[in-house]
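Please see the structure below; I have some questions.
A, B and C are the chain letters, set down in written order, and residue numbers restart from 1 in every chain.
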Amino acid sequence: MTAMPAPVMMNVRQRRIGDKLAIVVLGFSVFLIIAILAVILGNVAIHGAGAVTWEFLTQPPRDGLMAGGIMPAIVGTAALVILMSIAAVPLGVATAIYLHEYTPAEGLSLAWKRFRVSKGRPGRRRLFFRAMSALLATITRSAVANLAGVPSIVFGLFGLGFFIQFIGRSIDRATQPPGEVLWGQGSLLWAACTLALLTLPTVIVATEEALRTVPQDLREASLALGATQWETIRRVVLPGSLSGILTGAILGISRGAGEVAPILFTGAAYYLPFLPGDVTDQFMHLGYHVLILSTQSPDVEATKPLLYGTVFVLLALTFLLNLTGVIIRSRTRSKANR
Amino acid sequence: MPMRHFDREIEHLKELLLRMGAMVEDQIAESIRALLERDTAVAERVIAGDSEIDRMELEIDQHTIELIAMMQPAAVDLRFVAAAMKITPELERIADLAVDVCERAIELNREPQLKPLVDIPRLARNAQDMVRQSLDSFVRRDAVLAREVIARDDEVDSLTEQSFRELLTYMLEDSKNISRAIRLTFVGKYFERIADGATNICEMVVYLAEGKVIKHSNESA
Amino acid sequence: MTTMEIVTPAPAATAVPRPPAAAPAKIEVRDFNFFYGESKVLHGIGLDIPEKQVTALIGPSGCGKSTFLRSINRMNDIIAGARGEGLISIGGQDVYAPDVDVVTLRRRVGMVFQRSNPFPKSIYENIAYGLRIGGIKDRRVLDETVERSLRRAALWDEVKDRQNASALALSGGQQQRLCIARALAVDPEILLMDEPASALDPIATQKIEELVYELKSNYTIVIVTHNMQQAARVSDRTAFFMLGKLVEYDETRTIFMNPGEKLTEDYITGRFG
């Protein structure tokens, strides 16, 4: 065999230049992002830090929102986030567990095909249930995917139409004296439910990812020791994926904490003389407060400091949530590897 | 570290070999006794006991092959098993030679003694010693002792020659001596071959201890 | 991951020729076939695995030996489309009978996998896992059982002072012995080992082999190995599989010194595979 002529290669110098160019471009993008972030945060910090006083944080607003503090909004936001988490996280985690652990691995088309060709053979009923389970999983997954793409204002309208007017009013008709409206109006409860729907996809996807990181070996080891599937999930899979699940939950929660559109029609109010006492009460909300201050204020200049202050508090809360997430994640991760 | 399963198998093989060696030494001792004391009963017992030695040879053979197939011994362990495989038939041949001695003894006992035996007993004791020492050297994996035993073989050869020359004179003297003299010559030959067997065993011991093959070299007898 | 097909056992086929077992058979297999979906991967397997001995399953890759092993404790159930037909009975009880509780079966039949898979928990908790599932909470019972299992797996001396350390901090060989201890903790009758030493270095392998040799006085062991010499060193009986069929099954010394089938001999001598 004759030797092949050596292929003509680009000289090393050219390739090195390409390499360096990539670093420069990528570095510049990073710099750009950081710069933008710095500008936004800097702007807020400069104008808002001054307004954040003890009075600001602990007093309700006065003079038609032009003075005073934002304490009710803080309380309302906190209450909302807590209720939303209670609604979203267990449901999301449970759904993800079902999708990942209990769904037939072969997928819908294969499961259906196996069922079809099994005519007359034993075990047909079992194959049927497998196929149905695969169908349910497919439907659930596409529902989750679509849900993730819905604009947040649509969630708000859904919350109004379904939770408040349909369910809320039905409950009122059944439980309240005629004409009385208790459940059929905007409240913490319905706002939390609406927000929960919004954050569900995030929680589900992140939880499934976390479950996926648990190696199949461990499940097999547990089953081989005579554990049932649920015992395996409870004792091996969940503890092993806890950090990922928590991350996903906190990601969802911090996203939901900042959303304003879904709560517009479902319970947020721009001024309330009292703090929300139970789940049927309306509430004030930091994000909503920002909207009101920037659009409804009679004297824009006077309320500017208050506006910046509110934004500052809102961002601080978001960062606090994310930081908590990071801390929890790193601690559960290190605990698992001890 | 506790003894491995493999080490136990090797130990077992060694025990079997030593047991066989002890039995062979016994046979040699008894055959000498049968010859010198002119005791036919002892000779017959030796002949009968040979079948047990044959059985042991087969058992050890089987054992060594199994050990190789199942345990894949390496290095010194492999040399040990190889040595065991070669020493066993050597021991069996030595035992057969003792039987041959006894057969001649029985024949000699039917006739009056030709002469007081001097050389042959010396020859016999040498061969007996060499066998015992060769087995000792195997147990202790002592190549030095093994080489000493190999060196003694020359002495045994010259004793055999000496004994033969003496018996030759008896044969030339009187034709009635011939049959007894010839039988005694055979006996001398048998003991010489027993000594050769012992040196073969010692060559195996050197291989086991040092990994060196001295068979057919100028170090061997 | 739902359970797999349960098919009523086929009627006892004509006896598959097998050499008489010296000990009472613990596991009886008659005309066992196995399918992954449409493809048949085990054909008419029949053999008797004797009690308290080590039986090795050897054969080239993909010959079905691991599949067969996993059929004994029905670990194949978790694989989609897996289906077994025929008889596997343990102590006289058909493993695939409709009323068999797989969870109980898997306590009686322990399994050790090719790559060690300790839980990301402490050494103690790994071994106590099987007990806790069984509802045992008494600290004393747990302590005793953990110690006994670690001793049986020849790991006690090495870890007795750090039972609360993470299992993942152990070396590969130690982790595998931990998995063995974990399996032993629930006191199974049978131990299935799927190439337990294939991911280990020679020293660790030798320790595992020595351990198997010690364990057989108390447990019936079935070990799959692609290392023929390991099968020769460790087992009493050996079964040679090829392309999903049982080619030969006999005492180990016969298989390795004078096998009956030419295929077996070709494999043992390395002429293929």
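By definition in this document, contacts are C-beta pairs under 8 Å (C-beta built on N, C-alpha and C of every residue); 3 or more make two chains touch, one makes a residue touch a chain.
This one's a predicted model, so the numbers in the text were calculated from it and none came from an experiment.
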Which of line, ring, star, complete and other names the graph you get from chains that touch? line
Farthest from subunit A by Cα centre, which chain is it? Let me know. B
How many angstrom lie between the CA centroids of subunit A and subunit C, rounded to a whole number? 46
What is the distance in Å between the mean C-alpha positions of subunit B and subunit C? 50
Chain centre separation (subunit A, subunit B; CA means) in Å: 92
The positions of subunit C in contact with two or more other chains are none
Note which residues of subunit B are touching subunit C in the complex, please. 4-6, 65-66, 69-72
Footprint of subunit C on subunit A - complex, ascending: 101-106, 110, 114, 122-123, 126, 129-130, 133, 215, 217-218, 220-229, 231, 235-236, 239-240, 336-338
Counting only contacts in the complex, subunit C reaches subunit A at residues 1-3, 5-8, 37, 73, 75, 78, 80-81, 83, 103-107, 110-111, 113, 115, 117-121, 129-130, 132-134, 166, 168, 179, 182-183, 186
Touching residues (chain side subunit C, partner subunit B) in the complex: 206, 210, 213, 229, 232-233, 252-253, 256-257
